[in-house]
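Following are the structures in question.
Same chain, two partners: chain A is paired with chain B first, then with chain C.
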Partner chain A sequence: MKLLTLNFLTCARKTCKSNAAAFPLHPKEAELEQVETDMNPLFIKNILPRLDWEAMKTLTTELGLPNLPAETPSDEELATDGEPSQTAKDLHTLLMETSIQSGKLVCGNCEHEYAVKEGIANFLLPSHMV
Partner chain B sequence: MSRPEDNLPPDLFYNEKEARQYTTSSRIRNIQADMTHRALELLDLQEPSFILDIGCGSGLSGEILSGVEEDEGGPHTWVGMDISSSMLAQALERDVEGDMLLADIGQGVPFRAGSFDAAISISAIQWLCNAETSDVSPEGRLKRFFDGLYASLKRGGKAVCQFYPKNAQQRSLISNAAIKAGFGAGILEDDPETKSVKVYLVLSVGGGDVTGAVSGMENVDVMDARRKERKRGKEFEKKGSKAWIMRKKSQMEAKGKVVKTSSKYTGRRRKTAF
Partner chain C sequence: MLPTPSTSHVNYDQIYEPAEDSYLLLDTLSSASESTFLKFRFPFTTPSPLVLEVGVGSGVVLAFATANAKHIFGRSDILALGTDANEHACRAAAHTVRGAATEHTRSVKPAGIFGDCVVGDLATSLRQQNVDVLIFNPPYVPTETLPSLSSATQDKFEQDSHLLSLSYAGGHDGMETTNRLLADLPTVLSERGVAYILLCNQNRPEVVIAGILARPGGWRAKIVGSSGKTGGWEKLCVIRIWRP
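Coming up: the complex of A and B.
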């Protein structure tokens, strides 16, 4: 599961939907994987304003990744002389190439743990928890 | 012909064997690819987008999203949800580019509000009608799904769901659930009244006009009665007009009455532009 996806994923329980603590989910015992992919600068530009940067910082800290800048990079920082900037490349690496291969995702509100195996998180809830 | 939906829940039907056969059949791959292309055409995305693939299976639909060329507004990035671990295992084997969740869409859509530019679903949502246990009903699961989908899309976002309704009741059960969730909705039929008819539910979240997405197309039934009603007030809703009929129909259906299903002939026919 890419860090991109983790920046949008919330706890699936109804009782957690409107609770601020249910996002982001907290990685636990996470094994990370780095896979090179083609850069898609227009996608980065499109998704950037939708990222929750505070959540992004929480995730990177919890995963032991290098610190992020304090604020969301601006649109102008994505290109230098018409070429993708270092910032754009870093965002690509962070969002699109870094993923959780196995471990758990824990809800900060209800403490439910979602298992991740082979990069796929199990969000099936037993019916009493739906 | 018997429908798999009538006999088994989806996670049991799509077992290891079925998932492998489904994914390797060139006939199925072609059909799923064609329908995904059609859905993309209806979404009309202008830039590389973040897309939710509902019932993504082994990624036959998703890989089309990843494969859209730059000069056609792609490639897109997708996240898939599916209830069958065997289908997802096939997707892993084929090394698809999207992220996937093992999840039941009838339990909701676990993403924060406004996450996605768009959503597609190819041949999946009819499965939601087959829940019959003491604690879940098709209505309840459809509501969970469409409410969640609505919230997960950004304003102006669209969703296109190709599905195989069992019959007219099921078709309106599904589209009414979408309308109740707040979507502007239209239904498009390709090859109507043939054995290979394909039904597309085209949905938009406030701002994106569904009539724009499907106008000028043949066999389109625009059903965004609820939105029009709210915007213009009832006095502008002419008695006998499509909006009026649709509202009466949903009122009657809400009361549990069986109403004639809406067809392209309901109320009036849209002129085609070409």
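Coming up: the complex of A and C.
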């Protein structure tokens, strides 16, 4: 699963939903994979306001990836002379091309672990936890 | 006519095969009236819309919406996610969406962006109030009991038929699963969020719509697509739910 997707996911337990500690989920024993894809500069620009920047910084740190800038990059930082800037390319690599192939995603509130296998995360809960 | 995404790789022993209901969703989403509504709802100067299909199945609907994002939403910078309780469906749907998006990019112009399909119950794994467009072709067939999400059986044939039953068996009035999703909508949809839900006649769409209109918070609901007219009755319909 792409790192971008993690920006939109949280613990599936009802009691964790409104708890700030349940987001972002924390990768554990994560095997990463890089898959090259074409860049859509417009998408990078327009998805940025939807990212929880602090959460993305936490994720990159926990995964041992290069640090993100301290603040969300501005539109001007995404392009140089009408071409995608290095910042935009780096964001594309991080969000769209880096994915968790296997491992676990741990809730910071209830500590439940969700498995990721062959790139697919499983958020089904055992019936006693729903 | 926009092309229907290829699902030739999908194993229909365990995954719902695209049928009249799926095609009604495709037709509704790409209709002139709905794409006008969606373009107005998500101007291209606003942040990328998050499009979530719940119970993604073969992926044919999400693939269609992603590939034809420009036609449907007036912009190609949408992010598509899918969920399904069936892991096989998630895998197959990811294949379908990627295939359709690649095909579209090769032959026409940019398609929307596909994120992932994740295994889960409805939209319970999504952060609150983040979904802009929710699409749901629910298990809507009235059945005596509702299958549980997990099955203990080791038998391959029984496993497959259990997975298939999840895609159609809707319990009382065929509405038990749909009602859970409807109850969650205020916490799932963003402020600008809109949901498209397929219903059959036995689900009593007019009762469902009346229930939504009676909610606090200014919710609106109406039928925006229908098919299978028999003796004056619409067999299937798509309702749109939103807050103006």
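The rule we apply is simple: the second predicted complex is superposed on the first by the 130 of 130 C-alpha atoms of A that agree within 3 Å, B and C clash if a C-alpha of one lies under 4 Å from a C-alpha of the other, contacts with A are read in each partner's own complex, and residues count from 1 in each chain.
We adopt the following convention: a contact is a pair of C-beta atoms (placed from the backbone, for glycine too) under 8 Å apart; a residue touches a chain by one contact, two chains touch by 3 or more.
None of these values were measured; they are calculated from a predicted model.
When both complexes are superposed on chain A, chain B and chain C end up clashing with one another.
Of the two partner chains placed by superposition, chain B and chain C are both touched by A:I120. Within the superposed three-chain model, A:C110 lies out of touch with both chain B and chain C [touch as defined at top].
In the superposition on chain A, A:A79 makes contact with neither chain B nor chain C. Of the two partner chains placed by superposition, A:M39 touches none, neither chain B nor chain C.
Shared contact residues of chain A with chain B and chain C: 1-2, 4-5, 8-12, 14, 17, 23, 40, 42-43, 46-47, 50, 96, 118-125, 127, 130.
Touching chain A in their complex are the following residues of chain B: 47-50, 75-77, 79, 81, 83, 88, 92, 97, 99-104, 107-108, 110-112, 114-115, 117, 133, 135-136, 144, 154.
Residues of chain A touching chain B in their complex: 1-2, 4-5, 8-12, 14, 17, 23, 37, 40, 42-43, 46-47, 50, 52, 96, 99, 118-125, 127, 130. The residues of chain A lying in touch with chain C in their complex are 1-2, 4-5, 8-12, 14, 17-18, 23, 38, 40, 42-43, 45-50, 96, 118-127, 130.
In the complex of the two chains, the chain C residues touching chain A come out as 46-48, 50, 76-77, 79, 81, 83, 85, 87, 90-91, 94, 105, 110, 113, 115-121, 124-128, 130, 148-150, 187.
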